[in-house]
Structures are given as C-alpha cells and as structure tokens.
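Next come two complexes built around chain A: one with chain B, the other with chain C.
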Partner chain A sequence: MAYVATRGGERAIEQAERLFREEIGPFDHSRVHEIKQSLPYLIDRVMGEASLYDEDLAALALAQTGGEMFEAVLLLRAWRTTQPRLTVAKPVEQKDLFTHRRISAAFKDIPGGQVLGPTLDYAHRILATDVLGGSAYAPEPVEAAEKPAPANVPSVSAWQAENDLVDLPDPDPTQGNEIPDLTREPLLFPAKRAHTLQSLARAETGGTLALGYSAMRGYGSAHPTVNEVRLSEAEIEVTHPDGRTFSAGRVKLSQAEVVDKKGEKLSLGFAATFGWNEVKCISAATLDLNSPGAAKGSATEEEFFLYHTEGVESSGFCIHFKLPHYVTFQSSLDAMRDAKAKKAAQSSSSATEPAE
Partner chain B sequence: MTDATLSTLARAETARLKQFAETLIEPLGDIEVVQSRTGLVMLPMRDTAQGTAFHLGEVLVSEAHIRSQGHEGYGMRRGTDLQAAMAMALVDLALQTGVSKETCEAFCAAEAAAQQADDTAVLRKVEATRVDMETF
Partner chain C sequence: MSLTTLTKPWEAMSYGFLDGSAKRELRRKTLKSVAVPGCQMPYASREVPMARGWGTGGLQVSLTLVNPKTRVKVIDQGADDSVNAASIRRFIARVAGTPTTMDTLEADLIQSRHRIPEEILREDQILVLQVPNPEPLRPVQPNMSIARQMHADADYGRMWLQLYEQIVRSGRVMQGASYPSLVHGRHVMTPSPIPRWDVPKLNMSKHLTILSAGREKRIFAVPPYTRVEPLVFSDVPYKVEEHGHLTCYRSGTKGFFMNEIPQDDGTSTFEVSDSEWGVKAIRKGAGEPVTTGETWYKNGEMPE
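After this line comes the complex of A and B, so read on.
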C-alpha cells in the first residue's frame, strides 16, 4: 500500500471536529455523573474493552464522544498511558469473589446453589413507552431475604474435579510482573495462555460475540454448555510499605466457564472481564474451548479470533480506509484501464483478421 | 490474610474519612510526604480452567505515602481523589504512632460496621434470587 502526503483542508478539518462536538453540546460534571449512575452496563462494557477500571473516566469518555464506543475506548486506552503503574495486585481467586450472581446450566445442584442475581434473563421485553408520555418509571423493589446469601461460593469446576469429571491443573505460581502482559510485550503465536485470556478480557464485545456465535452455531468443534457464569466483585489486594496486605477497594467482574465432553472427561473453556458483561464472557469462553486444534483461518483459531476481536486495532484499521487513498486507487484504475485497452486492442485486431 | 483496618479505610465513605482525617493533622505534627499521586494497579486473576494467572486490566487508584517518627503511613483507594488517599494515610499513621488512638479505632470500627451493613443488605437481596429448582 502506498501513501502520499496531502496538503490543505485544515479549516475543513477543524470545522468538522467542531461540528461533531457542537452536536453533542457543552457538558459538565453533572452529565458525566448522570451517565455513570444511569448506564452501569454501558460503563462496564467500556471499562472492560478499555482495560481500565474507573467509572468516572468511562462516563467522561462516553460524554465526550457522544457514546461513540470505539472512540470512547480509544480515549481511555490513550489516557492510561499517561499514568504510572504503581503495582501489580495479587491474582484474584474465584473462591474469594463477593458474588452477586452464579448460575450453572450444566448442573442443577451445584454447591452453593443457583443464585440469579441481577438479570433480565426471564423478563418480558416490553418497552416502557409510558415514560415518553410523561409517566415516571419506578421499578418494583426487591423483597430482600431474611438471611444474606454467602458472599463467597466455591467454583463449579473444583466440585467437578472432586467428582473426577475434570482434571484441574496445578495453579500457576506466577505473580506480579512475571505474569505475561500484552500491554508491554507483543502478542506472538502460539500465544501464551496469559496473553490469550488478557486479550479476551480486553476484546470488543460485538466481535467476540460474532466469532463465538459462529462456533456455537456449528462452525466450531465443541458445543458449549455453561458450567458457570458469575457476576461478582473482586478485591484489589495490594501491599503497604511495611509489608501488610490490604484491599484497595473492589471492582466488578464477570466470568464464564463452558464445558464440552472430551473422551472420559470434560474440557473447559474460560474467560473473564472487567465489569458485568455475560455475553462477552460466554462468547470468549466458547472461543477458548474451541481453539485447541482449530483449523488455520477458522473463526475458532486463536490467531484469528484474538486479532479480530481487538477493538481499537480493528476499528482503527476499518476507519483508516476513509482517509485519502487517491494514489493507490488511481493506480488500480490505471491498471484496470490498461487491461481494458489491451483487451479492446486484442478483440479489434482479431476482428480485422480475415476468416480462414 | 489482609489487614482489615487498611481494607476498611480504603473503602471508607469519602466525606467522612476526609472530615475525620482533618482532625489528625495537628496532633500528628510534622509529616514527610513521600508520595501523593494517581496511578494504575494491574489486576490479575486466576483462570479456573487451567490455573493460569492473567491480567484482567488496570484499576485507577490514588496513592499517598507519608512518614513520621520512623513510621510509614499509606493510603491507596480507587479513583482520583488524592485527598481521600492522603486521609487514609493519615489515619494509618495515627494508628501506628498512637495519636488519637481511641478515636481512630472508633472511626474504623464505625466504618467497618457501615460496610458490613451495606454488604449484608446487598446479599439479602441476592439471596432473594436463589432458585429452588425442580426438574420434571
């Protein structure tokens, strides 16, 4: 591909940006606050894809871009580079999660039981059009139970391992800066598992769903059954200069484990992300489940799905096609005209040849 | 085992924490501020399928590190509120140096109780969504 520098259009460029921002209008902290309060699932999605957890910044990015998700995520990914990394927290363990929702489609009687938590899974999808007529929408309050649910519930796969259904590996002892980090090293193939899972945690939701769905519909080799979906909060465990460890607060996260029969055991696929985003996790876990032995160039092959679900790169590549390609396109036209002329010359010369 | 007091301070209600820490500034006397900044904490998680530790992403935090009489006061909280992180560090330092010890302990106990009450309220609602399933 060849590029050429162009000059001119500075005024148009400036006015175009102004036009975009003028349509969104002026805003202040109150709009940011309103977005944060009213759209938590959108905030979660942006934080997950940006790989940066802060609700205020995510709400600000949405306010500033008028909800243009790719731009919002790009703003946050760019902003994070201005901040120093202070430390790496202790790895989050599933058994320590403050759990709001934990269900299994594979087993009815999982240890700890099935807790639906906040979900629209069983809701009637009816648009509350009365609101447009001036009515307020007030949701029915939850009738809280007498006793609280246990905050921590065991993992389904640990229970399956006890029942000889899955093989649980020894936990990876890697900690801190030894954990492979995609933001500091390139993604190479075959990818380290830590890179694969980090990349899926940052992946663009729509792209992950599209590729995961293709595997679910039969273009993959394994059909997923949801072993466990969990929405929870995790503690950020850090260390005081005197050596004491403590939690610097909590972040919301979601995770999914999917299973398929593999010989006499079950094989597991896994994914997790910042924020509450089940669709992304189930899709990503399905890709993880399907990736061993996937054909080159198929949607379930690691290289294929990791590259194509990286939202900042894919959207950036997509929109770059709008930029001037006059020289490359002219060159294509030249080649086309040349081929046409040669073909015309050929047919006219054959037309004038006398018949034998 | 994590330190319950520091964890409580990191989640303590911002306005109350700042207001309380104000009262400690004078009795604490001279303090060296080693660090007051925002930054990122990378948060890893362990995959339940293969046990691999991987990075979920970075969390924005504010950090305050202060020093007095050979003690290190430290605060780290989510978000960009540097004053709140400094307030946490002041309470931590006061607890270590014995300044306003009883009021500090009472403050931490009250905040821990408030957090426990919030958690219980959430978990009682979560419990209301427990399924007693029958299959046919």
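After this line comes the complex of A and C, so read on.
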C-alpha cells in the first residue's frame, strides 16, 4: 500500500493554510474597523481593482489576507460575481460630482478654480521616526478657507469643446441593462467603449502604471498633458420600483482627462475608477489617449494593455507556475532526448576519421 | 402572490457557488462549443474562489454540470492526491455536496489538469480539461483578434510552417505537450497540455470532453465520436512519448505514461503517472479484489 502513504495532499494544504493564517492571528470586527479608518487609500485601491464599492468588505478582505493585495482583490471579485444585479444607477455627470480636489496642468486657472484638496503632492516625504520612540503623530488641524471652493465644477474638456479645441464624444444613449457589462460578458476586440473603460477602472494599479509609464517615456505616440485630475464623490441615484428616485449613497471616485496636442485639435484620453487613486487614473487615461491606431502588440494597443493590466488574471497566472508541471516537462524532455539521439546517430554514421 | 412566495430564503452562497445567470451563460456557451467542435467560444468567466490559472475554467464547467449525485474525480498531472486536485475536489464537494471518487470507472465527471486517465472513458462520463492557453496559434500569433480571424479563415499555414521548421532544425517535431490537433476536420485546437500520449485518446472517443480556460475566457469541446487528428505531415508520423516500454517501480505496471524520478546516482526511475491506475495495480498485486477497466493503450501501444 505504498501509494496510500503519499496521499497527504489534503492534510498538507490544510496545514499550509493554517500556517499562513497563524501569522495573521485571530481578528474580529475591531481590526476590520481599524483598517478601514486608518488606511483609506489602500481601501480605495482595493475597491477600485475589485470593482466593488464597499469599504467594510474591502477592509475585511485586507484583514483576512494579511494585506496580500492580489488575494484581497480576488476575495472581493469572487464575492462580487455571485451578487445579483439589482438595478442600474443613473449615469453620473462630471458637473454633478461633489468635488474634493480638481487640478489642471493645462491652464493656470480654470472655470471653477484649481482646488488642491487632500494631497501629499507637496509634502516633504520624511519618515516620522519619532513615533517609534513613543511620540504621537498629530497632524496640524486644517484651517478652513474664507470662501469654500465650489462643490460642483464643469470639466476642463467642456470648456475646450466650447472653444472648438476638442471634439467630445457624442453622449452614449445606452441605458440600464443594455449597457455592456464586462463582468457578465467576455472582452472581445475591438473592445466596446464601455468594456474598455470598465477594464481600466478595475485594472491593477501597478500594471497600469508600468504600461502607462512606458507610453509616457516615449514608447507611446502621445505625450499627455493632464487636462484635469479629479477626486470626488458621486451620488448613486437609483429608481425605486414605485418610480421614486433616491440616492443609495455616495461613492468616492477619481478620474483623469489627459490630452495630446498634435494636429488642429486636442485628442482626449479618459479614465475613472472607484476610490481615490490618481496614479492609476493618469496612467490609464494615458493608455487610452495612445490607443487609437497603436501598433498591434505594442504596449499602447488596447488588446495588449487591457489583457495585461487585469490583476486577478495576471497574478493568478503568475502564481500558477508554482503548480507541478512534470507531465508537460516530461513530454518536452522526451522530444528533446529523441532529437539529440537522432543528431548523434546522424553524426556518427556520417563521421569521418577523427582528427588526431 | 407576494414577494415571499416568489423568492426563497436568503443564502450566503448559491448551490455550486455560481449564481443562476452565470450557470445559464456557461451552459449556452458549452452547447455552442459542442455544436461547433474545437471552436473556441468566448464566455464571461466569473471569478471563483480560486486564483486564475489554477483550474478556474474547468471548475466553472464542473460547477455548472454537477448535481448532488454526480460523482466527481479530480486529477492534476494524473494524480488524485496532488495538492491542487485535492483543493478543487474539496471545493466542489463543499459547495455542491457531490460524492467524490478516485476511481476512473466510478466517476461521472472527471476534472483534469494535463492528463487523460489510462482507462477508457464511457459514453456516460464527461471529461473536463483545464486549459491554461486555449489558443493553438499563440506561438505564431500572440494577438487574439488576429488569431480569431485566422481560425475563421481556417488559415493554418503558419502552424504547418512551424512544424516544418522544427523538423528542419531538430530532425523531428519538437512540440511536447499541447499538440495542435484538427477537430472534425475544421478547427485546430490545443488539446490542453496533455502529453502527446493522451491525444489519440480524444479521437472518436465515447465520452464528451470539455476544455475550458478561465483566465482566457474561452471554452471548446470534443463531442463523442469526433475526429481529433494531430497535425502531422503524411511522411512524418505522429510520435507519442517513448514510455511504452517503461515499468512503474512502485506498482510494476508497464506500458503507460510515466513520471520520471531522478535518482541520486544520476539515473532515473519511473512511476506511473495515472496514480489511481498505479494504486489498482498495487492492490491487485496484494491479492485484493480490484475492478480495472479496459485501457486505451495495450502493451504500450495504441491500437489503430
């Protein structure tokens, strides 16, 4: 019964998982709450990549995986996909966004003004080592402006369109369940516009940055100018079966418009995602800007960047190489050895006297 | 009529994990793939509680096909006890309440990664193969949209060229596993990374084979009694791995696909890759009553 002894697979995987969980330790709702309160930008990133807006679930996923982000996103995606689609919210218009931060690199000032909002852009990145010595880290309180920034501002591209500098795409009249949903149908190419924007919205931040950065450095044909980058909150308006419209809550959104300045008019790249994640939006919008006419197989071609920034798929495939591959390996070895033997037989049969 | 009569009590998880709409979509696409043998059908491919690349395509098909009576067998590289096979088997049993088995003859549904069992499958059995890369044209055309067009045109010239180049360079076709094969005389498919040893088992087989790539979102099928022909030139015959003469050092069984086990002294020993077949051989040797099925290969040869 030599085989039975080797059947330790079930026990081995059980114990391996226990080892991982032991490192994280037991936790309860208080840890989930602490993660949610203290790491809002991490929560945002995970919610964006999971395409599921729920801070509690995102914090739970992070607690459960010990901060292994790919695992956390997969947990949320696998949960999300089983949930019914109850309704489709009304489209969110840029001018209706409750804007916290909105800056433009294209103009010194813009209609609605430059609103810095919350950012570390101008912070000196000095590690607060005092905290490790026992001091508390207490940020200076915010002093309110004399005149609050307007909550709702138009997009910069709206002004540019008025001035005939850019052609905005026609509004898409598709409504409700007719809107293509990437999570319910496969991505095919050339991709539907909705699929492209949905893919970018849930793309993995690091991958989007890597490919976007390659385009920015010069592997793309368009050099982006940030028309605007915006952090905001959007009202999720849904219609009750009795016909009344109500807000189901607000979600944090980030979006970026980037433009290219070649030709007679500006061309526009756009991306938006759940949560506040500026790096991802600027990178994704840059890829979008570069994609028309991009060469097949280049990093700025839609098929290339949409496939390769899909974090659940790319990370899963990467770690699958840890699985045993000895059957395929054996199959290749067989061909390799046979080819080698053939070559040896050929050279020995045709060999002349070896040189001294 | 009230809402309560129309709905059922809330449950944390649907039967078989996937919700109704996911299963419906997958069933439609599976039927399409059976209707057009070897043709890749795109499907939404939902996330499942397992990482992509770990059998999520096969798992979605299995979860869609099982009912509480379906007896499920899961193998990875031929072994039932491989860690990921154990994990998938445990998951299917957990969410669908299916009985499980390691015996090929007892299984109604076999989910497998990279092997087809050595015992001949019957008409009432379904084989679900996990597929990492569904596109046989990938080595000659990595762009999916162009490859799709090439399939539509049955434009397989570059496949043939690739095989020809291998023969010129190395004296033989160097393709290891995933040997490209023509299905029903029309579509070239990858049989998934099964060894060349297993490809003839698909030809005119009694069972239905469903191949599903979760990460790449493609499903295709070989219906029962369908031709599956490896791409070969008429003067260069198809060659399976030279395992027909090898003997398993543990079970003594001979003439089946083997795992090579390197030894300290620089040599190799071999154990049979289909682990349950090995177990049966050991039990038989110990005088236990064991039911074995007929095998595809006889004395290390595939009968014509």
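As a working rule, the second predicted complex is superposed on the first by the 323 of 356 C-alpha atoms of A that agree within 3 Å, B and C clash if a C-alpha of one lies under 4 Å from a C-alpha of the other, contacts with A are read in each partner's own complex, and residues count from 1 in each chain.
Everything below uses one rule, namely that contacts are C-beta pairs under 8 Å (C-beta built on N, C-alpha and C of every residue); 3 or more make two chains touch, one makes a residue touch a chain.
This one's a predicted model, so the numbers in the text were calculated from it and none came from an experiment.
Peer 1: After the superposition on A, what does A:His124 contact: first (chain B), second (chain C), both or neither?
Peer 2: A:His124 contacts neither chain B nor chain C.
Peer 1: Return first, second, both or neither, reflecting whether A:Leu187 touches chain B, chain C, both chains, or no partner chain.
Peer 2: Touch status of A:Leu187: second partner only.
Peer 1: Would you check which partner chain A:Ser315 touches, where first means chain B only, second means chain C only, and both and neither mean what they say?
Peer 2: second
Peer 1: In the superposed arrangement, does chain B or chain C reach more residues of chain A?
Peer 2: In the superposed model, B touches more residues of chain A.
Peer 1: So in the superposed three-chain picture, is A:Arg244 touching just chain B, just chain C, both, or none of them (first/second/both/neither)?
Peer 2: first
Peer 1: Applying the document's definition of touch, where does A:Arg217 land relative to chain B and chain C: first, second, both, or neither?
Peer 2: Neither: A:Arg217 stays clear of chain B and chain C.
Peer 1: Just checking: does A:Arg80 make contact with chain B only, chain C only, both, or neither of them? Give me first, second, both or neither.
Peer 2: both
Peer 1: Which holds for A:Thr328: it touches chain B only (first), chain C only (second), both, or neither?
Peer 2: A:Thr328 sits against chain C, while chain B stays out of touch.
Peer 1: Give one of first, second, both or neither to describe whether A:Ala339 is in contact with chain B, with chain C, with both, or with none.
Peer 2: Only chain C; A:Ala339 stays clear of chain B.
Peer 1: For chain A, give the residues common to its interface with chain B and its interface with chain C.
Peer 2: 80, 83-84, 183.
Peer 1: Can you list the residues on chain C that touch chain A in the complex?
Peer 2: Touch residues, chain C against chain A: 13-14, 17-19, 21-22, 25, 42-49, 51-54, 56, 76-78, 80-87, 90, 113-115, 132, 142-146, 170-178, 193-197, 215, 217, 239, 241-243, 250-251, 257-260, 273, 275, 278-279, 282-283, 286.
Peer 1: Under the definition above, what is the set of chain A residues touching chain B in their complex?
Peer 2: Within the complex, chain A touches chain B at residues 47-48, 50-54, 56-57, 80, 83-94, 98-101, 103, 108, 113-119, 142-151, 155, 157-158, 168-172, 174-175, 179-183, 193-198, 201-202, 228, 234-238, 240-242, 244-251, 253, 255, 257, 268-270, 272-274, 288.
Peer 1: Tell me, which parts of chain A touch chain C in their complex?
Peer 2: Within the complex, chain A touches chain C at residues 1-4, 6-10, 12-13, 74-75, 77-78, 80-84, 183-190, 296-297, 303, 307, 312-313, 315-320, 323-336, 338-339, 342-343, 346.
Peer 1: Per the contact definition, I'd like the list of chain B residues that touch chain A in the complex.
Peer 2: Checking each residue of chain B against chain A gives 1-3, 6-7, 10-11, 37-61, 63, 65, 72, 74, 76-80, 92, 119-131, 133, 135.
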